[in-house]
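Sharing a structure below in structure tokens format, with a few things to ask.
The first chain written gets the first letter, and so on, giving A, B and C; residue counts start at 1 in each chain.
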Amino acid sequence: MTAKPRKNPAFQGGGSIRPGGIYWMRYVIPALVFYVIFMAYPMLDSVRLSLYEGTAGTRQFVGFANYVRLFTDEVVSTRFWNAFKNNWVFFAYHMILQNALGITFAAILTNRTMRGRQFYQTLIFIPCTVAVLVTGYLFKIMMNPQWAKAPLENVGLGFLVHSPQGWLGDPGTALSAVSMVSVWQWVGIPTMMFVAAFQGIDDDLIEAASIEGANPWQQFTRIRIPLIIPVIGMVAIMTFVANFNAFDVVFSMETLDGAPNYSTDLIGTLFYRYGVAGQHPVGIPEPGVGSAISTSIFVMLLCGVIPVLVKTQGKE
Amino acid sequence: MKKLIAILMAVLMCMLPLVSLAEVELTMGSWRTEDTDQVQALLDKYCEMSGVKITFLPTTSTQYNATLRQQLDGGIGPDLFYSRSYATGAELYDNGFNVRCNEIPGVMENFTDTARSAFTSADGSVFAVPFAAVSHFVYYNKAVFAEQGIEVPKTFEEFLAVCEKLKAAGITPLSNGIAANWDILECVLCGMIPNYITAEERLAYESGEKKMNDETWVRIYTDFAKLVPYFPEAFASIDNDQANVLFGIGDTAMLIDGSWSYGTLSGDDYDIDVGFFSIPAPEGFAPGFSLHPDFGIAGNAASAHPEEVKAFLAWLATPEGAKVAAAGVPAGFLPSISADVAPEGGIVSQMFAEGEGKNADMRFVWSKMMALYTPMVDQLNAICRGEQTPQGAADAINALWEAELAK
Amino acid sequence: MDKKNVSSVKTDKTEKKTRSLRIMNMHIPYHIIMVLWSFIAMFPMWFLLINTFKKKTEIYKNFFGLPKVWTLANYEALFSGSDFLTYFRNSFLVVVISLFMILFVGSLCAYALAHWRTKTSRAIYYFFVIGMMLPIKIATIRLLQIMKALNALNTLFSLYPVYIAMGLPTAVFILTEFIHGLPGEMYEAGYMDGASRFRIWYRIVIPLIRPALATVAIYNLVPIWNDLWFPLIFITREDQKTVLLAVTRLQGQYSTDWPKLLTILAMSALPVIILYLTMSKQFVKGLTAGAVKG
């Protein structure tokens, strides 16, 4: 299971500054083995399912019929484009709000003379540790006028209640509400990444800048931010990818259907409904359609991610 | 590094799979996580009689279909499993996962055609032994009714008057909400429909002989819409769990829900004295009774112990077995077997009594019209929000069904 | 604001006294922001905590207030009735072993990909990155068959490889970037001394990328700990269940004992917080390692 390269005399090689591919493959292979057997192969094999119809016992090759159905069938395509649109909104909240908060917190928390940084960072992270099942349940009650209206009005916070339907019950506000809960819960993750990135900046650079008279804001925008562009790109990509696979937060607050009236339906829930569980109550999954959904999104993600990767990553 | 690897290896060694025991041990999959203790006790009784140990391994309801299918697909499904009725259950059989039950003694004799038909696939194979049916009721808080001087309503009009009276007294009449996206159709609308449409008439709708936007359907949606003002103000945010709780803690006077909820509503969690009645029929309509085949017990065709599996299914199909089993599941699950196996004077008998002399039928869409399930939920949601008229809902559903029939 | 605040650590003692006051003043807005967010982050946790001391129905009668009747019944249920210690042990093992392997093979791979810059290495890098873009649930059936063939079903061994594979794309993605960002002169001394690449990896690279390793670990910690899907399908044996899997039994179809569920899930967050604190110490260590180089 584990490589023990240290004992291997071959690893004593690489004394040259630029060893070749065969040398480096030894470092790559352990990861590749796990990745290929337990992820890449099963997933690519499942992508193949998008060309089939039916489930295990009744599977048939149908060519691109699932894709045709996904994009032309009135019901399926309406759901798909609706989820697609919702997902962009969901992503926008995370990209703009969550990452801005994360970068702000990280900038503050890497201020070396500030006290209590570890304490704050831990508090920011604590919501991430709680199962989504729990946060969903709590927010469902806290945002429900049935329970929240009277207590909040008593303390003069009545405006926080959306009466009578509730933030999660009104199709016009539900998606925003779900997005905000998700931002609230996961902001600790980008914060942590930006903290790691800011900490990697060479102090000498900042010092040189401050000697030259740059104020902290200038230091922040002209030195610290440009230096962590690769990490910003990385976080952006991870946000993008994670959001288009998001599932739990909607499931725990708005059912698998993305209630009310599909206003919180995301690609993740749509995929689960069609590909894994099947539409309630029949519950007969259509792995072909599910696979077509994730394959289409996969292609879209690739188109979004590769340019960002090329732009921000691996610059010498 | 060496140390770490050594520790890792040691940990891995400790966790090598233990070799399992040889004795015959079956597993039973289910979505009824809350019945674990009761059902396990029932299975232990069976073990005393037959020597075959069965372990009850429930999964949460929302994940059950998906995980069961994956496990069956992967060849590691439980030996016995709760089977959903109609298409969902039949689909597993069509994939070759279920033991065919036609030859199991008792299956063809001890159940009515209606009970068995819910577990019969298109080719006539019985894919599970019918086990329990459910009904849908209006639960009411007896203390509140007594306080307000309210009698149990006999007609839908009286029911609305009761709601109005309660509302005027400042009590939320009904607990129901629409956030869960299923109970509004399965419990409320499907609870009402047998009052308007008999089982025979249902067939006419299924075949397209009658239109899904005829007078009757507009009337059903119209009557449904009349209930909405009596839901809690925040009904859009209230799911089934919360609706039950609101009723249970006495915040609302009534709840339209399934018979399965009786156990928790009358149980130790709540202090209320709970009564129930069928959703009443409007004047001029013959009262109906919703009796829906809910689940059967299926055997896994790939089980390593096929004989033991069949023996258990056969036991369930005998009146004696069914009687033990009926006593072992929570109140509110009505035995499917023809023989009278309900404990006398118990809650199950009372529930059956509600249906006496009425036209019984299952949930309307289940048999043939599952394609309408989601659209109907959507239409009901729209009616509740005031975005759709009863006529509009009926027209929309009819258009969908005509399109479906044309396929 | 004082332009020198960032480097104030290095200033001499006489200046320090007068400046420290001003530095403290300067951080007040920062503290205000952090306190404000801490409050936003923690108030639902407060409601979570107080509701674990309530009985099943009080949570709905009095969600926001302190319990009218304090009860420890939910906690007793956690430690008496069932095998939650076993479940916790299983979850803990799963998380720790998976994370260790992710970091071990992931950082080796990232080290190679950051230094070996050819078309092949880029291809391998992208091959890992695309793994982030498909939902792993899509592969469940195939994974199930693989686990069955390996005779790993019903043991924690069916979970480790899946989680390791799940964590690798992000690990390779993040670590490659961080290793690549390390200043090149860091290695040169090593090469001069004739140290092997492997030695450089664990003597120089690993200490320097501690914050990134911690980031990867924490990023994967939460989804692995809270994963329900794979245990649900792969594991039915009591003694191999994880916490979240065991919890599903408490979550009924139509009625749920929420205070008990909240209690167990609140408790199940504690090990995660402890692991988080352990790993986030690496941020500080990385900081020191970084300072040494200057």
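Here is the rule we go by: a residue touches a chain if its C-beta (ideal position, glycine included) is under 8 Å from a C-beta of that chain, and two chains touch if they have at least 3 such contacts.
Since we're looking at a predicted model, the values are computed, not measured.
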item: Chain whose Cα centroid lies nearest the overall Cα centroid; value: A
item: Top-ranked pair of chains - ranking by C-beta pairs in contact; value: A-C
item: Chain A and chain B: spacing of chain centres that average the CA atoms, whole Å; value: 36
item: Distance from chain C to chain B - Cα centre to Cα centre, in angstrom; value: 40
item: Chain A-chain C separation of Cα centroids, rounded to whole Å; value: 15
item: Residues of chain B whose C-beta touches two or more other chains; value: 1, 8, 12, 63, 73, 242, 246
item: Chain A, residues touching no fewer than two other chains; value: 1-2, 6, 56, 276
item: Per-residue overlap in chain C, given as positions that touch at least 2 other chains; value: 60, 140-141, 251
item: Complex interface listing, chain A residues touching chain C; value: 1-3, 5-6, 11-15, 17, 19, 21, 23-28, 30-32, 34-35, 37-43, 45-47, 56, 101, 104-105, 108-109, 111-116, 118, 120-135, 137-139, 141-142, 147-148, 151, 184, 187, 189, 192-193, 195-196, 199-200, 202-204, 206-207, 210, 213-216, 219, 230-231, 234, 237-238, 241-242, 244-245, 247, 268, 271-272, 275-276, 287, 290-291, 294, 297-298, 301-302, 305-306, 309, 313-314
item: In the complex, chain B residues that touch chain A; value: 1-2, 5, 8-9, 12, 62-63, 65-66, 69, 72-73, 84, 87-88, 91, 94-97, 178-182, 186, 232-239, 242, 246, 370, 373-374, 377-378, 381-382, 385
item: Chain B - residues contacting chain C, complex; value: 1, 4, 8, 11-12, 15-17, 27, 31-34, 36, 57-61, 63, 67, 70-71, 73-76, 78, 240-242, 244-246, 248-249, 258, 260-261, 264, 269-270
item: Touch list for chain C against partner chain A, complex; value: 1, 3-9, 23, 27, 30-31, 33-34, 37-38, 40-42, 44-45, 47-48, 60, 63-65, 101, 104-106, 108-109, 111-113, 115-118, 120-121, 124, 126-143, 146, 161-162, 164-166, 168-170, 172-174, 177-178, 180-181, 183, 191, 194, 196-198, 201, 211-212, 214-215, 218-219, 222, 225-226, 244, 251, 258, 261-262, 265-266, 268-269, 272-273, 276-277, 280, 283-284, 286-287, 290-291, 294
item: Chain B partner contacts - residues on chain C that touch it in the complex; value: 56-57, 60-61, 93, 97, 100, 140-141, 144-145, 148, 151-157, 202, 228, 232-233, 236, 248-256
